[in-house]
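Take a look at the structure set out below.
Labels for the chains are A, B, C, D and E, by order of writing; each one numbers its residues from 1.
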Amino acid sequence: MAGSNLLSWILWMPMLGVLGVLLMPKDKTTWIKSWALINTVITFALTLVLYCKFDQTQAGMQSAFNVAIPWIAQFNIFYRLGVDGISMPMTILTGLLFMLCILSSWTQIKKSIKAYFALLLLLQSCVFGVFFALDFFLFYVYWEVMLIPMFFLIGVWGGENREYAAVKFFLYTFFGSILMLVGIVALYFATNQSVDSFNILALSGGKFTQLNVTIFGQAVSFSKLFFVFMFIGFAIKVPVFPFHTWLPHAHVQAPTAISVILAGVLLKMGTYGFLRIAFPIFPDSAKYFSTAIAWLGLINVIYGALCAMAQTDVKKLIAYSSVSHMGFVMLGLAAMTVEGVNGAVLQMFNHGTSTAMMFFMIGILYERSHHRWIVKPDGSRGYGGLYTQLPVYSIIFIIGMFASMGLPGLSGFISEALIFLGIYQKFTTITVLALFGLLIGAAYLLWMFKRMFFGDVNPEVKEYNDMTKLEVAYMIPLCIAVIVFGVWPSPILNIMKASVGQLVSLMATF
Amino acid sequence: MHLNYLANIGRYIPEILLVILMVGLILIEATYKEDEKDRRYIFITAIIGLVATFVAILFNMGGKPQAIFTNSIVIDDFSSLLKLIMVLGTIAVVYLSRFSKDIYETLKTEFVIMAVGILIGGFLLASANNMLTLYLGIETLSILSYVMASLKKNDERSSEAGLKYALYGGVSAGIMLFGLSHIFGVLGTIQFTGVAAMIPNLTTVQMAILMPSFVLFFAGIGYKIAAVPFHMWSPDVYEGSPTPVTTFFAIVPKIAGIAVLIRVTSVFFTVESPMKVGWIGLMLVVSALTMTVGNVTAIGQKSVKRMLAYSSISHAGIMMASLVMIGDVGIRAVLFYAITYLFMTLVAFYITSIVQDKYGNDHFDRFSGLIYRYPWMAVMMTVVMFSLTGIPPLAGFVAKYNILSSLINSKFYTLAVILGLNSVVSAYYYLKIVRLMVLKQPESEEAIEGFGFLNQMIIVVMTLPIFVLGIFWETIMSFANVSKLFIN
Amino acid sequence: MDYTITTVAPIVLLPFFAFVINVFLAKRVPIAAVALSTLAIFGSFIYALRIFLDFQNVYAVGYHIHKVFTWFDLSAGEHLFKVNMGIYIDNMTATMLLMVTAVATLIHVFSTWYMHDDERFARFFVYMSLFTSAMLGLVLSDNLLSVFIFWELMGFCSYSLIGFYYEKEGAGNASMKAFMTTRVGDVFFLMGILIIWIIVGNTTFVDIYAAIGAGKFGGVFTSFGIGLPIATIAALCIFAGTMGKSAQFPIHVWLPDAMFGPTPCSALIHAATMVAAGVYLSLRMYPLMEAGHILTFIAYIGAITAFGAATIALIQTDIKAVLAYSTISQLGYMVIGIGVGSYNASFMHLITHAVFKACLFLSAGSVIHSIHCQEMPQMGGLRKKLPYTFFAMLLCCFAIAGVPFFSGFVSKDRILGDALLMAMENKAFIPVALLGFGGALLTAFYMFRMLFLTFFGEPRDHHIYDHAHEEHIGWNSNIPLLILSVFTLGLFYSGSFTGQGEVNLFGSKYEWFQTLIHKPEASHLEHFAHYEKEDFGTTDTRDKVELPKAAYDANHGLSEEAAHHVHFVHKIGAILSIFIAFAGIFLAYSMYITKKLDPNWWATTFSGWRKALQNKYYFDDLYIGKIIQKGLLPFNNLLAKFDSGIYDRYVVDGTAVLNRWAYNISRWFDNNVVDSGMVDGTGASVRLMNVVLRTIQSGKVQLYIIVLVVVLASYVLTLRF
Amino acid sequence: MFSNTLFLLSAVLTVAGALMVVYTKNLMHACIYLLASFFGIAGLYACLGADFLAATQLVVYAGGVIILMLFAIMLTGGTGNKVNRYGLEKIPAMGNKKTYFTAGFTAIVSALILVKITMSAMSGNPAVANLTNEPTVERLGTILATDHILAFEISSVLLLGALVGAAVISRPRKEIHD
Amino acid sequence: MINLWAYLGISFILFICGIMVMIARKNIIALLLGVELILNAAALNFAAYTKFSNGNLDGHIMSLFIIIIAAAESAVGLGIVIRFFQLRESIHIDDASTLQN
């Protein structure tokens, strides 16, 4: 079947790109860039093909695309891929964002171009791997490998404090994933090392509700213990409140394209992990901890927003806004209702597009100003009057900003509304408080906008040029996505609803 | 006269080969004048001899476990595999010493002789089946190591290293013997064979003697593998010794020590008894401490060699962790770990040694911007560092994964988590090198002579297994699986 | 009468498509963009007019057009979850549509003149189109969710329009303030939607009515451990939306600042779109307000707003500011109307106010355009230079002041009458009535103060006066004003003198407004459950002839006796109103024309109050100065410091204090210098351990041996065998 | 009776020698006390019926190791100046109060371990001699040449290595210049 | 009668003395003396156990090898000490602490 290998094609296409980049001579930068672009375009096209062939009525994994090849048969480790309604939007998002990132890096990256594009493509492959993997071991491998390109991409091409940020990112994530690994192995042995012991799907369904483990002489519920482990692993990636401090550093220091990837795709892997792994495998514990998760999500929303308000570095501000927005996703997940979880998945997609826009825009601005201060450390205005100076830029910025604010008609609204609808059914107080997150969310963005774009033109700003054609070109797809899915979310919702529904009904039985 | 006690000596050929090699080397060495610089025949002979040993061990593999020399020695696949690793390590170290500037040219022959001697000790340890052989093995390892550590005769630090090693080793050996003597007193035999059956029948009083004695006994082994708190000599010695010696110390004595620890554990503590619980508790604590102490101390180091020394302590701790679970999974895991550990250590030390030869010291800063000068080497070092950290899909990850899974299989969740968290801590200092190599600008543009084409090729070849074992580890695991067939 | 989607949707889609096209057109062919926008809204007007005429002629009770389509569908398995969007047109919608399109069309036309010289001429129309289409979409919506969507879109448009002159520092502040303040209400509104959604299962108006009728809102809402009736909470939340959008006390502060935008946009915001939307929403949700028993609360909010804003308007010198505060005040009247159950009158006031306020703003725009100045003390005597504007403004002032025969009188008098009625029945409403009448007095005064200061007397600034443009009749300069001013006459809304059937001038046929608009009575809500919803694209096949036609009932469905009492009270109210209106005008006349009363005397006598008024009762100071700058921002900074400083640095990276402590220990222990750049990114415990361990690793063999022995001993002694 | 006397003498010699090694100030004296202690141990071996061991002990320790030690002491203590180029005393005093205090502490700690072992050992084992006082040389020789042939042979590697090593290490420094 | 405990006691004392020498002394050669004491304590144990516990001559073999190897070890150790002395002109144990941390 031609279709059945599609996932492998998508997964390995960027790897092909890496090979190609490596084989090219170092100084032929245009070749390298073009090759990377062609590669990502093909990949994106393949994801669209996947989307077209997607059977919306089928809940769970699409049987047409499943791949299962023994990898290490002795330990029942398989090369097992699959795609369902939850990973499908993420796949498209990944394909899209990487393509745009290549374009964005076209002029912004000036040193070690070959290595940069090779690592970027490697990263793409790993991200696809995470979203496709159905074998726990494979999942973990991709989850971890991704750290390596990220580490270098932040560390080599980042801002001033890049090393610190890169190491912090690495250590944080590594810490989380190690706990997850313990969980994975525990599951492997809890299911008697059978053929399906690494099969994420086969593990799902709450098979571990009765098991207990002994820690320091205390009997602890297996399911609760390892849910917490997995939770920490994924929560760091999201990032959920006490584990979020890597994010501002990583975002601020990373080059534009990497910030985009980080915020647009990588954060989603955390919540994707909840949906694919933590919730289906330990539904009882997820239910048990749902209040705690909801409170954490709430803290994320409010705390992230409040922190964002105080920032004077615009990129940091957006980074904190990501914390806040991912909090909504957590709220949706904690709700465990059809509306909430659908909203969460949609929010994952929508946040991916809107925050990517914001980071791209900041990157474009940075190309001109070489600083990112809203208010400089000496108290003077960093920008001011950008609206007058850069009209096109401003309009696109407004679209991105309002999308990220959740203005109805743009993408953020529907997902947030669904999340609220979902969470309200379970946690009234949290809903009430979280709604104020929307308020603060609007406040910090508008305040930032006011300080940067309104008023008379800063002398410094007068030298800036408006966006180039290339820059406009890679912003357009995101603008379209933000607007189209704001008005007509069905294309995304339809593919996810069957899978989400299945998950929610599983949760409902516990 | 029937030489019963010499029966099956055919399986002892590898060791015999080594002894012959050692004597031969001494003879060849005698033919050189004192100030003769180029002593290539020593190296050629050594490598040929070692390869022959390697082949001989390979021939030995697959046979049934067999105790020879009246139960002095047991030849089984487990020990053979570890011996293979030790031989490989020795070959690599001998080659490293060939071009290393850290050893005086005129003493390189002695280095090779000592290395072969220590290897014999390691072999003895790996196969030891009674206390005497064990003691002999440990002492062979130790005494020759003292010499090796202080081989850089004009260097105070090297002498100091040897001195510390000797003093510490003496005390540890004494303590171990004291423990052994009481074990002998209780069990009435120095043989390992058949002891397992005696353990459950012991009286409480006997048990009360035996267990502390085992702790004392463990001091001797622990000192060899540098388990906490017997590790304290190791960073000093590793730092003070010439780099090839350090490399050698990081591989052969450690692996031999792990081998004997596994042997002891499987001999004395296979049967369920209060003693087994106590022993495993000891192993738990020691391995957790070893990993943690090794990692935590490694963080602040300025010298790469010293950092690697501490890191090797923590790796020993991780290998020990699998001891808490003696069974196929644990043994398999530790074997696999030893294999990957060999390659990772070798590559790391090769590169460190070459860099050190160029600059005269091995501070972290010397690695700055290596990627701009020797991209391949920097990439290989990076790969090794990530592998040591335990990032998939590199071999280091699979190795750690196996240990972890053996731990979890026997429900030692706490230790598993400690192991995991230690990986995170270790990531910090491993990343430090990576950070310097990749993210910093080079200090100078001078060429490093050590990175000739051949050496680079060798390093790359040694790195390859790290990749291959990381992805296609099934074969090697089955291989390790075979060797879990054990004595008893 | 066969409404399909093609005959309804263009009302909203025409301006919307104009917007979409203009986004691309505006920069290249500005003139075409302007023309397109204007024509589009005019097209909408035509469609709206058709609908309105149909509805008025049929006069069918409960006739409605309701078309729905599925926006998205999340049904999975047994769980059904569908979000429908749709169009719902009943009499009220039809009236509203006509008002919005008509006023908007005239404002568009006026803008082509007013904005002509602006460099962002075309862009202004882009926003205007979007704004109008959003408002029309809101009016056409059949459910709260889409109301909210368009509601927020209007918020965005107002943000853009208020910040239209983005070079001005104040514009940024004002636009942000407008958006944020309304957003406060929006958040509650969203909460209300959620509550309703969960209870009803969707947010369609008719379903909500039916659910209220069926008593589904009987539950208790618990949050923070406090339980309240769910209907009350839902109603309060929805009303909070109204408060935000319709600038009710205490979140009215944004509306005066909204005048930073171009004047036509103020006209649109203040008259036809934004603020009307709030009141419209409350009217739509009237059954819920009733069920939630919050009408008293609403009435008080309205009364405070009506009176308070009127007092502030007294001392404003900026012509647009006066108008802005008058808008707040008038909106207060509408809200009073809701609160006292005067549904019909409240809606009527919405319509009449839209007309005269649009006219007032356009007139003000005309004045400003002519003299390039907004300060009234610098004007004076413009009557001669701007005769048409003066005429339009005069009519509007009569209307807003509540002079008989003008629309303002008809609608406001009915609200006040009902307030009086309520006050007589229920003592709690006495303050409402008092404030209402007091506000009416002030309204008459300040409106005529504005008129007199602007157009009468001698020119106070001759420079400005001399350079003022002479006004000539022009199709897009003052014709729109005149058209609007004509519709300030009361006869367009009511056939009677008072608008309540008293002194019937033209016969009950002209009481179309009261015939059309009916309060959804709490006792008749069940029948909404039988309302039919049709799919998009299908033609309405119901037989309209069968529907009973509504007839005007002067007694409002009450018994003769009860009605008599009501009429009596209304009469008193009307007389009072007339008296008050003239009193206010007279006061203004004697102050500013005959100068018998000295305004300065008032100013000095009530200086404390005046100061409060100048500072707008310190609301801005409270919100921005105190709450945001003193409270929120320092808190944010603290939090951010905590996050990147304390939490990250100390807890995650390891504490500096602990580090220093450990450092001292190590010094004390062995004089070791700890690598200052030692660890970053590892926890405190790791650092501390590192120091301790490295201290032990002192290089002294004897220490090593001691450690060995001690640890061995501890192993031996602690391990249990 | 003889054996008891021998035991008592040897025991006193051993213990006293060992204690004196700890307490004496002079290194040379310490070495001699150690020799005495070794003699005592040889006597104990004799009491234990380990005649061959006793002989070996005398030959190897008394005859070899102690002489080596003495040589070493002389080699290191031969030069006149007491302070080296680092300003440190070359031939340090044997210890001071502080070190003895530490040593005492460590001794107590280690005694705790040993007590734990030996108390049980003393109480739990039959205190009957199992070994007749026959000469053990022949039996030892047989065992050494059969059962422990490997240890016997392989120890030659150790000794050879030690030989080479000791030679390498202590060769004079002038040869090495690189 | 002279029992096992007497021998064990003596070896106990030897061991303690050895440890004390290792800790208390500052002279490296003295430390080597301590090592010898400890080794002898162990060797004595082996012989004592052979006599009183099991009669297995393997104990004697162990003692024998301990003696031999101790000799070898002290030879190498002294060689290193002398080397160290030649380089640093000191046999103070605290001078052997340049390798640290």
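Annotations
Simple rule for what comes next: contacts are C-beta pairs under 8 Å (C-beta built on N, C-alpha and C of every residue); 3 or more make two chains touch, one makes a residue touch a chain.
Only a predicted model underlies this, so the values are computations on that prediction, with no experimental measurement involved.
Least step count on the touch graph, subunit A to subunit E: 2. Among the remaining chains, those touching subunit A and also subunit C are B. Core chain by CA centroid proximity to the global CA centroid: A. With centres defined by CA atoms alone, the chain at the far end from subunit C is D. More inter-chain C-beta contacts link the pair D-E than the other of B-D and D-E. Rounded to a whole number, the gap between the C-alpha centres of subunit B and subunit C is 77 angstrom. Averaged C-alpha coordinates give centres for subunit A and subunit D that are 69 Å from one another.
The distance from the centre of subunit B to the centre of subunit E, each centre being the mean of the chain's C-alpha atoms, comes to 26 Å.
One finds 99 Å separating the Cα centroids of subunit C and subunit D. Across the assembly, subunit C contributes 681-682, 694, 697, 699, 701-702, 705-706, 709, 712, 716 as residues in contact with two or more other chains. Shared contact sites, meaning residues of subunit B that touch two or more other chains, fall at 132, 136, 139, 143, 146-147, 150, 153-154, 162-164, 167, 171, 175, 178, 182, 185-186, 208, 212, 215-216, 235-236, 300, 428.
Across the assembly, subunit D contributes 102, 106, 110, 113-114, 116, 121, 125, 147-148, 151, 155, 158, 162, 165-166, 169, 173 as residues in contact with two or more other chains. Contacts between chains, counted with the stated touch criterion, involve the pairs A-B, A-C, B-C, B-D, B-E, C-D, C-E, D-E.
By the touch criterion given at the top, residues 102, 106, 109-110, 112-113, 116 of subunit D touch subunit C in their complex. Per the touch definition, subunit A reaches subunit B in the complex via residues 71-75, 140-141, 144-145, 147-148, 151-152, 155-156, 162-163, 166-167, 170-171, 174-175, 178-179, 181-182, 185-186, 188-189, 213-216, 225. Against subunit E, in their complex, subunit C makes its touches with residues 672, 694, 697-702, 705-706, 709.
Within the complex, the subunit D residues that touch subunit B are 113-114, 116-117, 120-121, 123-125, 146-151, 154-155, 157-158, 160-162, 164-166, 168-169, 171, 173, 175-176, 178.
Those residues of subunit E that touch subunit B in the shared complex are 11, 15, 18-19, 22, 28, 31-32, 34-35, 38-39, 41-43, 45-46, 48-49, 53-54, 56, 58-59, 61-62, 65-66, 69, 72-73, 76-77, 80-81, 83-84, 87-88, 96-101.
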